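Scroll down for the structure; my scribbles are underneath it.
Each chain carries a letter (A, B and C) given by its place in the written order, and its residues are counted from 1.
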Amino acid sequence: MKFTVGQVAQVLGGIVEGSASAEIASLAKIEEAGSGALAFLANAKYEHYLYTTGATAVIVSHGLVLRQPVATTLIRVADPYSGFSQLLEFYQQATRTGRRGVEQPAFMGESSTIGPNHYRGAFSYIGENCVLGENVQIFPHAYVGDRVRIGDNSIIHAGAKIYPDTVIGQRCVVKAGAVVGSDGFGFAPQPDGSYKAVPQIGNVVLEDDVSIGANTTVDCATLGSTVVRQGAKIDNLVQLAHNTEIGRHTVIAAQTGISGSSKVGEFCVLAGQVGLVGHISIANRTTLAAKTGLQKSVRQEGQVLQGYPAFPLVENQRSAVIYRRLPELERRVAALEKNAPAPEKS
Amino acid sequence: MKFTVGQVAQVLGGIVEGSASAEIASLAKIEEAGSGALAFLANAKYEHYLYTTGATAVIVSHGLVLRQPVATTLIRVADPYSGFSQLLEFYQQATRTGRRGVEQPAFMGESSTIGPNHYRGAFSYIGENCVLGENVQIFPHAYVGDRVRIGDNSIIHAGAKIYPDTVIGQRCVVKAGAVVGSDGFGFAPQPDGSYKAVPQIGNVVLEDDVSIGANTTVDCATLGSTVVRQGAKIDNLVQLAHNTEIGRHTVIAAQTGISGSSKVGEFCVLAGQVGLVGHISIANRTTLAAKTGLQKSVRQEGQVLQGYPAFPLVENQRSAVIYRRLPELERRVAALEKNAPAPEKS
Amino acid sequence: MKFTVGQVAQVLGGIVEGSASAEIASLAKIEEAGSGALAFLANAKYEHYLYTTGATAVIVSHGLVLRQPVATTLIRVADPYSGFSQLLEFYQQATRTGRRGVEQPAFMGESSTIGPNHYRGAFSYIGENCVLGENVQIFPHAYVGDRVRIGDNSIIHAGAKIYPDTVIGQRCVVKAGAVVGSDGFGFAPQPDGSYKAVPQIGNVVLEDDVSIGANTTVDCATLGSTVVRQGAKIDNLVQLAHNTEIGRHTVIAAQTGISGSSKVGEFCVLAGQVGLVGHISIANRTTLAAKTGLQKSVRQEGQVLQGYPAFPLVENQRSAVIYRRLPELERRVAALEKNAPAPEKS
């Protein structure tokens, strides 16, 4: 997919200084861009790259005053960053997520429906009694079980698995290999010490604008629903256990695990490799630092916690400093003991 | 799938008080149930919900004496919890795991056999020389490599991958995206600092009644077998490395990792995000708290350990309390030093 | 697949003592080998097993002097370990990774090409404008997006997903369920506290001889490339975020996570469950112990670090010892305080 500098300028409503017929094949950072690439300059700090860049063209602002001659072609616009962002979205759409039509063989139960302008990749599977909206994209090897509902403009990437009865909102993205709706880890101990699986008949609900990372797992509820609320963004390899609830616009980084029935509030940020025990809840706007292990509910909003057990980040950092010099602290105590007056008999 | 209250009562051998013709479409908790749902009441603590529930019907005991009028229909049985459990299992079977037959296209090597009453989903793959038992269910996109054996009543969920030579017992469940039998992480360092892969030709054995979680990985042995013993339950995103062995009826929670050649005993409980180094073993009935890092073998049975390095949970909690006030402890030491008599010259 | 002892001896250039017509069906450790198995003896420490082994044959050195009669057949060679390794590789090739041809149905975009002697499993998917080399093996359910390039002798295992524009070198192995090239976790916060996805249009580059573990995730770069350099070996369930770079011949164990834009040097060893924050770099030949949490760049080469925050392993172990006896240390301080002279007024 190639465009001329002139075509790009026209889309952005920009003015070309240089060769309008030069061809653009990729987008790149100004400091890394080579021939065929288009870059942008929005921050004066990077201006020096403009005079040495290998980019075929650079988007700059109308107001930029050149201090040296440039080898690259310029596209002048009102707001270079916003113009470049437009191109990024266009490029992503054109190359990655703009597919339409049905590749064969693809499987869809007869009782299921899908709206117009959809994509169903080869080897994609859609079960029975599913209702999928318009512009929905189901990539190759994606599995969509019976009675699943998926809202408009949502994307199920290659090999993602959506178990039966899952409800997915609009503009959601489920990345490759994610598993949504697998049975919760519920086992009833038997008298002989063995375990019997407790039937898991609930489902998962992803509200609008939710993103689920690659190879992340979201278990269905035992009864009722595991819920990821509007706009929450879940990274790769995260575990959301049965009956958990993730609040609106909360962000959870990679490899974090939320145990059964725990609830995370709105606008929270959980860093990577965090763990929550089951049956607790976290107040809105809580931040948990990487690797935090949370054992108790957090009731006060807006805290930043770290550690295992978790307590405020600033305090934790102070303790960590002393942890490192514990051997010295112990020597100091030993020195005091050596020189202490003989203890009174108690 | 809908049933009348009368049909449900008949299955449970119960007595209807109210409308036997009302329709049931789902099962729910009494406090969450709405129209069309069937709930149960087994614990007196929840009795007040009986008078306000939106459930179409509630299973209660013969002996329950109503203290207020109820709007819902009652199904009276001897043991409400056990009756409801029966329905849960029936419902799960009917909606999730009761599939039979072969959807096309499905792939099976000519030399492989599968017992009666099986399910092979569209795009499922079974290699050559496999022997699969009766009632086995292979969901869409599941991959079963050559020479795999799977016992009766086992379920391989969507997109699970079973590498060649794996042996799976009866009544096992391998959840979506799990990988069983991938090559172990074995590399021989070369004189130039690079690594050469050591061939991994062993296999994985899952004994009867084993459950493997979604996107969990179980590596094959270098030689011999990686073994998960009878009744062990493994949660999502767990890593079992080459030549590990997990004992009977042991439970391992999400995101835990067991390094190569380590052995976990029977009736153990490993919480989430635990890690074991390689070549150690754990005695029976050991419990490891979440995020524990175990570096040495545990020889005494029945301990509860926590931390990294791991030591008894109760001790660990005491140290954790003081960790939090380390800055204060250091100030106390400094105060003592300030007021201490001048140390003797040593 | 069976061979006679005589055939094996011929391949290895060895001399048979015993029955050359006995049949070999598997390879095993000398202490575990049963009938039909071939074992080896390279280390004098294991010689006693030679006299009790159930192996049908054992590879030994020309120089070995028997101290007792043996029931097993011997194959004498110059270097038993190296001979056995040859057989392991041959066996792995014959049983696991030696497939050729195309199983139907398989999907390949018309504009894509693949070199001679390849394998494309049933339900494998190759998009448009891909260039795949010779001896490439694409297992069932593997997904290869548009414009992907894969070098000679590389193997994409069952259900691995390779996103569009990924570049994979020669002799690479991508294990089952791994996801290479999924969108990075980049979201721009909006004024109302919600997040908007930042288009991710970069790619992933795996250089030659790279191994990617089962269910591991490697995100594409926002712009430019996420890079895994030559010979690096990545274990299962690892997260490599957008724009990360892993140096040549570096080894990363299971469940480790590298945050966005961080760079790991050459010949490093990262143990399991390690975590790195974003935008840091690690010097060559660094070792990070299991569960280490690294928050700052490591500039000095060759260090061994542990903990969170990370500091040298030896120091960390000393602090850990005292951590365990913190309650005792606090009691000692309290005892000193009790017996201390009254502090001067400050």
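In the analysis below, contacts are C-beta pairs under 8 Å (C-beta built on N, C-alpha and C of every residue); 3 or more make two chains touch, one makes a residue touch a chain.
As the structure is a prediction and not an experimental result, all values here were calculated from the model.
Superposition on CA atoms relates subunit A and subunit B by a rotation of 120 degrees, given as a multiple of 5. Subunit A and subunit C touch with mostly distinct residues; of the residue numbers seen at this interface, under half occur in both copies.
One simple way to say how far apart two chains are is to compare their mean CA positions; for subunit A and subunit C this gives 25 Å.
Each of the following residues of subunit B touches two or more other chains: 105, 123, 141, 159, 177, 215, 237, 255, 273, 291, 323, 329, 333, 336, 340-341. Note for the complex: subunit C touches subunit B at residues 27-29, 32, 85, 88-89, 91-92, 95-96, 103, 105, 121-123, 139-141, 157-159, 173, 175-177, 209, 211, 213-215, 231, 233, 235-237, 248-249, 251, 253-255, 267, 272-273, 290-291, 320, 323-327, 329-330, 333, 336-337, 340-341, 343-344. Listed in rising order, the residues of subunit C touching subunit A in the complex are 105, 107, 123, 125, 141, 143, 145-147, 159, 161, 163-165, 177, 179, 182-183, 185, 187, 193-195, 197-201, 215, 217, 219, 223-224, 237, 239, 241, 255, 257, 259, 273, 275, 277, 291, 293, 308-309, 311, 315, 318-319, 322-323, 329, 332-333, 335-336, 338-341.
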